[in-house]
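Let me begin by presenting the structure, written as structure tokens, before commenting on it.
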Amino acid sequence: MGNLNINIGKLQLKNPVMTASGTFGYGTEYSDFMDISRIGGIFVKGTTIRERQGNPYPRMAETPSGMLNAVGLQNKGVDYFINHIYPEIKHIDTNIIVNVSGSTIEDYIETAEKLNYLENIPAIELNISCPNVKEGGMAFGTTCLSAAQVVKEVRRVYKNELIVKLSPNVTDISEIALAVEAEGADSVSLINTLLGMAINAEKRKPILSTITGGLSGPAVKPIALRMVWQVAQAVKIPVIGLGGIMNAADAIEFMLAGATAIQIGTANFIDPTVSIKVIEGINDYLDRHGFQSVRDIVGALEV
Amino acid sequence: MGNLNINIGKLQLKNPVMTASGTFGYGTEYSDFMDISRIGGIFVKGTTIRERQGNPYPRMAETPSGMLNAVGLQNKGVDYFINHIYPEIKHIDTNIIVNVSGSTIEDYIETAEKLNYLENIPAIELNISCPNVKEGGMAFGTTCLSAAQVVKEVRRVYKNELIVKLSPNVTDISEIALAVEAEGADSVSLINTLLGMAINAEKRKPILSTITGGLSGPAVKPIALRMVWQVAQAVKIPVIGLGGIMNAADAIEFMLAGATAIQIGTANFIDPTVSIKVIEGINDYLDRHGFQSVRDIVGALEV
Amino acid sequence: MKKYMLDLIIKENKQLSDQYSLLILTSPEKLPEILPGQFAEVRVDGSATTFLRRPISIHYVDYELNELWLLIQVVGDGTKKMAEIEEGKSLNMLIPLGNSFSTPSNIDSKVLLVGGGCGVAPLLYLGAHLKKIGFEVNFLLGARSKADLLQLCEYERLGNVFTTTEDGSYGEHGFVTQHSVLNSSNFDYIYTCGPTPMMKAVANYALKTSANCEVSLENTMACGIGACLCCVTDTIEGHVCVCTEGPVFNITKLKWEI
Amino acid sequence: MKKYMLDLIIKENKQLSDQYSLLILTSPEKLPEILPGQFAEVRVDGSATTFLRRPISIHYVDYELNELWLLIQVVGDGTKKMAEIEEGKSLNMLIPLGNSFSTPSNIDSKVLLVGGGCGVAPLLYLGAHLKKIGFEVNFLLGARSKADLLQLCEYERLGNVFTTTEDGSYGEHGFVTQHSVLNSSNFDYIYTCGPTPMMKAVANYALKTSANCEVSLENTMACGIGACLCCVTDTIEGHVCVCTEGPVFNITKLKWEI
């Protein structure tokens, strides 16, 4: 039985398996299927300063080994989260991390500031990479300048672990990672979804109401793995890897490539208990290969 | 029976279905399985000024709904092509288009110049987007400046149809498309492969000899479709769409998004006769929907 | 209600036609409580093109025989694989999902269950439930042709069945909303499931006749349990998830143009 | 040789064990000419994780019965689906692919066919071919244990069979290259197929004893017909495709460190 404990900066995880924002609700949606406190961490839905109705439907299209979504950050706003949702989930015995999105830098700052004071929210994940809203999100994550700027401003007000979630829709993701590291990000998570599109040929219409949407699932895994590998080589802060993880082998690949921990997104839809299976699979891998601790496999790729 | 003829600039196609460079050899590899002259055009292997041995093996990894390759432009060089291969294929009654790669601008210029004089090569496809060779290719395709530069220089010496193949590994592909259009590209083709990576968790080693490789197949289709849509909106020259096309519906989606013609790559490995099936499927679609000509569906997406 | 992930075993696969299959599933354990109108998210194995689970209505539950019925219409690869599944194999599903049809508080209410095509599926279980409580159940079932009118004798066992076919091959000729029973009778509660245009026409009729009306909506779903927000519909309360707040909605809640 | 894309029908699926299946395929039409050492690129349907075709050696061809045999070892999802295929279903394949083993010009040559694990597959057809021409055929077959020694009686029908198992459960104990026949006899031609370390050991033996030696290589393949250049191996003539210039190579052509 290997040791699964691992830290991301100040954040202590009982194991490196977490669930990705927007795919796991607030956690409680899955509690019928398993003991969600066994997971290393839960990244809750994208939260914005004010309530958002999100995009019109249809918001989803299935693609080969993946899916496109165009949810568009539907949520009731940070105050509703603090007053109504936080009290319901704060006692879950794992790391609850809030994914923070915004249309302007001020939105990010204000939202982060409010979350700073929640005792049981040890970290936020700054989503500068959502491809599904016109006015913001991804735009911040696609140039070093804007990424650096938003991180700098949020860092000023947010005192706990600051994770910055990077967009894969860029020429050089390491550059962006270095830029946010320089401004005080404690760690980076990647990847968010890739901008994609689906068409119904018979109807000659886009499938999504927004024409384009974010691609996730195993289809993107090779790209995510490459980016985690590149970023892990470039930065000194911990990297959280995600994108298409479906099983323990996938998770281990990300860790070998340099991820300190991983998140599971779309796979939750296929198997709500997948995160538990991945935890067990990693444990089994450590045993079979004689590793004492999961820390030993981080970046252990032999090249 | 709709009319399948369509032009890409001066290039006349009997139908919009072509086969992608690196996936269809020199065409003759497939002639046991079908009459290859029925295809609208054949993009032959990446050709360089001098012979290249390509990358060490393993060069291939299967991924969910796709594959990674790291061939690295293995070919016998342009002179060998002109003297030994061209004579064997020049009588095939379809458009034979040579995919040209290089490590320096001079390589591209010299290669293009030599191909200028081959009567039955009506076009070249400038590959500024190969992710599998260190010294060049993709580097040219990832900034507007370098993309514009290589196109400008090649345009000076190459008089026939000049197609520029774009890299998807960029933040804004329309920008690059506009840059090469401005320098005289007659059309653009997209997408080349996305940079990806595969790891064997049990062995803790990368699967490819080059660590990273190019991702192709249906996994990338949503991304390719989005990029074709974006570029078709941005440029005035024709767009050739490719990336994950497996059947007629996929091909039609690309044309609806704005592609004047399409290429089929990885799907040839799954079904060597796929291009003929796609031609027939497009024809059937035109009939069912009452279109006189395949030209009527180009960009016909209703948004 | 507690949700489960279960592997149910195919006890029987009655291929009703090329296009329709009735799957009768069972389990070594007692089936959980399921309400009429709820659905399952079914995992499809062995299809290269089916990545996500597929939402399928609960057609019927027989607690005595410990049977759960699904009625499958083949429209693509996922439903094709399901429709072809062999007896003895199992299907993995999340169940029971969604809300349910409501029950009229007044036992004298006249109820009508209007189904079109494969949308008839959830109405069998609803009809059985209403009958058990003591309602007189009326079904109005429409389809393209006789071959698409599914499970008729099952419905007939539960109440009065009125039918229409678009080609006139069975019952009255035309659409459900043109059936003469709608002119000759008045209903207090109307439940409907089927193609959206049909449900809108039914909703329209309900509004005109001041009947209470509940519709069962479809939507593109990824999770089926309210986690992804992919399946929203527009209501007077804003965007809500069809998989948790629905699939059953009272038409007064919807922002439908009818 | 002309290549075909054919749907061959499973006449029989002999599940030799959990890990191995022998597929006997047939076709309403006459099978094309196939040479020993050639392979098929088999399409696997109904597996979500298998995207590309899978290269599988021709185990045997019986032109009289119009049968083609494949010997499948389950290593992943693709081979699992193949090994489980039901009789009456069909497999789509590109066939015949690759070059073939050569035939010694001198009929008195002593030939040895050395196979390890599932690498024994192509040697059955090669042995049958050599026997037909008039050679006395010697097989040296190795496996982990008795259960992994496949199709023994088929080989025995064609010539002398020497065996080794790593656990000593059958034949001589150890690896094929430790078998006593290698000390007691001299061979002019050695053909081998199996795990690379085994083939290298065999090649080493061949070099020492000045025997001609041909090996059948594996590689990761996408197209199987020389179009993609994914399957190269390093030879004295540079990178060449295993799917067209191979899978059979004379060891003098390879840049092996042995």
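Observations on the model:
For reference, chains read A, B, C and D in written order, and residue numbers begin at 1 within each chain.
The rule is simple: a contact is a pair of C-beta atoms (placed from the backbone, for glycine too) under 8 Å apart; a residue touches a chain by one contact, two chains touch by 3 or more.
These figures come from a predicted structure and were not determined experimentally.
Following the contact convention of this document, no chain is adjacent to both subunit A and subunit C.
Note on connectivity: the fewest chain-to-chain touch steps from subunit B to subunit C number 2. Chain geometry summary: the mean Cα position of subunit A and that of subunit D are 47 Å apart.
Inter-chain spacing, taken between the CA centroids of subunit A and subunit B, is 34 Å. One simple way to say how far apart two chains are is to compare their mean CA positions; for subunit B and subunit D this gives 36 Å. Subunit D has its Cα centroid 54 Å from the Cα centroid of subunit C.
Looking at subunit C, residues 48, 50-51 sit in touch with two or more other chains. Each of the following residues of subunit A touches two or more other chains: 61, 63-66, 217.
Contacts between chains close into a ring here, every chain touching precisely two others. In this structure, the chains touch in the following pairs: A-B, A-C, B-D, C-D. Those residues of subunit B lying in contact with subunit D across their complex are 22-25, 29-30, 32-33, 45, 53-54, 56-67, 69, 71, 74, 217, 266, 268-273.
Residue ranges on subunit D touching subunit C, taken from their complex, read 45-48, 50-51. Interface residues of subunit A, counted against subunit B in their complex, comprise 61, 63-66, 68, 142-143, 169-172, 194-199, 201, 204-206, 211-212, 215, 217-223, 225-226, 229, 244, 249, 252-253, 256-257, 285, 297, 300-303. By the touch criterion stated above, subunit D contacts subunit B in their complex at residues 2-5, 43, 49-53, 94, 219-234, 238-239.
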